[in-house]
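Shared chain: subunit A. Partners: subunit B in the first complex, subunit C in the second.
Take a look at the complex of A and B:
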């Protein structure tokens, strides 16, 4: 048994491109997924009854099925219903739909732990329900659940390795491509795995810093 | 082309779903045993050992399960084991779940109030007695709900074994799609079967959580 990492690292442009795709997919779907999650959390806490049931069904369906099946359904299943998507778009949509459901639950937990006095104070200032939600309830709720949200974003980033299966050119796809060229499968996947580990550590550090520094006013938290 | 009725599709998927269940159970039980060993090492062993376990957990939680499956598949072949998709999937998922369970249970032990440890120490119990009689019984109560919850994650994780060629529910879905050209119907059925497997476990985990009045 002989390991040859040089043969893998020689393909560094492929790896770099894969990392860029992985980070890009993650960034876009983290942003859109969190917005979707906040919207769903709002509906579930204040929306009309039928919409709560609808969002509840969406959340439970996504949380109780594997991401790979969601991705295959969107990429292979939807064209049969007339919606044709590129691998990249299918990946983004699957990741947004997936993160949306999980972040909805996380944000909802944050909203539920808002003290009643906050609502009463907002009402006494004659804020509308929308204003109350956006300016009074949401910011401290997000601050409370930020670490959980960051963990979920990282889970989605690691999950994006599956998008290589529908030929989105992210990091695991790059590793697969490299091993198909030089037959160094084990080394290629070791390198990719180490990069994923570094990415997840870096992303967690960056998002925690970002949350404390910019999103939640710096001094608190 | 063979004509597949909806019933044919469902019947074949349900047959394959048995393997999803078997793989989940093996990984859950195997992972539980390895996780328990890791937990003991993390609570009792030397500092270096504790950090080793923490590193192990970090590696498995910080890398994609898909990569872990590939590494098990190609790595076991490299060191000379005769690998099938089946053994690689079982090994990778067992290690994966051992890391998560060790971490969950470690959190549960830490959730036992410090006063309990101190009280046990003041009774001159040895470390193993403290753990066995005072800490574990309380930690187990806290641990049941998140452990059941993790089972859902594990069942969904077994879907990735399809990528290295193990024929479980997702792989069967892909194969039936290739035979019938009806991806919409087939993947809907696949998703519904996963949902039927996971949703009751999710509900059970939630009811356990409510019953014990334990959060997180």
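Take a look at the complex of A and C:
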């Protein structure tokens, strides 16, 4: 067989739309997922006992079940309970829920590695518990776990390929649609692979820069 | 940018190497089948009554019967390979299957990539929806959501004929398409008549009915491009089976009516 990339690249509007959806889904779910993760990490390390158990259940439930099952549960399962979501919303919710659980554990690791002296210093300045967490504990914790967090976001971005299964028109969906039209499976997936690779590299670079610039590096002047 | 360019080049190089070695090793699938005494045939399990999983958890249906029939006539063992509408051609191209007997429709674009034998069974695709929903013509599809299996003939047909406002939702396989419709995620579903029949029978609460015909498209058997020896052999078996009435017998068993006139 011979390779014909032109047949795949001729469908570039589909691919461009796929890239836009993949990036959009990732951006929204990374933001919301990290906020959810940070909240859960706070609860799990400093919250009241009952809420720790609750968040612990959520984290373990999500971390020990496959993403595709979570997605199918939301999209195919919830309508039975009267909750009907569009494929795009179902994808976003599944990704946020998934990233929330994983990032909770990553951020918790950062919080737990904070030296006791930091808490004592904050207490001696009469900062409230919330102030201590937001301004004293969180920034250096995030800095410590940032590479792990960025990796997790990339994993979720690559995992969004699964959202094509419920007709969300992301990049893998586009590749699959193209190959089912012209049967150029090799070419379509080689193109998709290259695009995913570039997206991952770009996302990682951007997040590393953003983290340094806005989250913990910038205020250090 | 420099890095990515190099990466792209090396990926392309690796891919072309792959395709070269593939072409060199498998010139004649028929010889390989006869030597191994085994034919690998791709079949569906998400498309009753053509291919589905029975209560004994084994694949059964018209396509499976045809597969076994061809294997018997060739005097070789049959290994069934389960595929979906979206991945069946990739299985053929990568030699994971010698034949694809999987409700495969023929069109010009597909003929560029694989070869087809004579048709072996009748088939038509249509749009189904609730009785209360007013769909009398293709124009009525505007503003309505329709579930369809990505890459199936009905997807291509629907994409061609649907008005601009139609919201086509494409799913990975027929089970997901049907699940989406049954769960109420879409208002309509476009699928094969047989699949819709089973769906409506199992879900009387949907009150679904036949709305519009999409395409009358008989099923063909797919063979890899250039495997003429294999294609000729399978065509001979199909022609013989048509004459002997075996094709009609199998159609009667699974579809409830004889196959009738099928294109060569």
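As a working rule, the second predicted complex is superposed on the first by the 217 of 221 C-alpha atoms of A that agree within 3 Å, B and C clash if a C-alpha of one lies under 4 Å from a C-alpha of the other, contacts with A are read in each partner's own complex, and residues count from 1 in each chain.
Note that in this section a contact is a pair of C-beta atoms (placed from the backbone, for glycine too) under 8 Å apart; a residue touches a chain by one contact, two chains touch by 3 or more.
Everything numeric here is computed off the predicted structure, so don't read it as measured data.
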{"item": "Partner chain in contact with A:192 - subunit B first, subunit C second, else both or neither", "value": "first"}
{"item": "Which superposed partner A:216 touches (first subunit B, second subunit C, both, neither)", "value": "neither"}
{"item": "Touching partner for A:119 - first (subunit B), second (subunit C), both, neither", "value": "neither"}
{"item": "Which superposed partner A:165 touches (first subunit B, second subunit C, both, neither)", "value": "both"}
{"item": "First (subunit B), second (subunit C), both or neither touched by A:89", "value": "neither"}
{"item": "Subunit B versus subunit C as contact partner of A:180, first or second or both or neither", "value": "second"}
{"item": "Subunit B versus subunit C as contact partner of A:80, first or second or both or neither", "value": "both"}
{"item": "Contact residues of subunit A, present in both the subunit B and the subunit C interface", "value": "1, 76, 79-80, 165, 185-186, 190, 193, 197, 201"}
{"item": "Residue numbers on subunit A that touch subunit C, as the complex places them", "value": "1-3, 5, 75-76, 79-80, 84, 87, 164-167, 169, 173, 176-177, 179-186, 190, 193-194, 197-198, 201"}
{"item": "Interfacial residue positions of subunit C with respect to subunit A in the complex", "value": "3-4, 7-8, 11-12, 15-16, 18-19, 22-23, 85-87, 89-90, 93, 109-110, 112-114, 147, 150-152, 155-156, 169-172, 176, 179-180, 183-185, 225"}
{"item": "Contacting residues of subunit A [partner subunit B, same complex]", "value": "1, 60-61, 63-70, 72-73, 76-81, 154, 158-162, 165, 172, 175, 185-186, 189-190, 192-193, 196-197, 200-201"}
{"item": "Subunit A-facing residues of subunit B, complex", "value": "58-59, 62-68, 70-71, 74-75, 78-80, 152, 156-157, 159-160, 162-163, 170, 173-174, 177, 182-184, 186-188, 190-191, 194-195, 198-199, 202"}
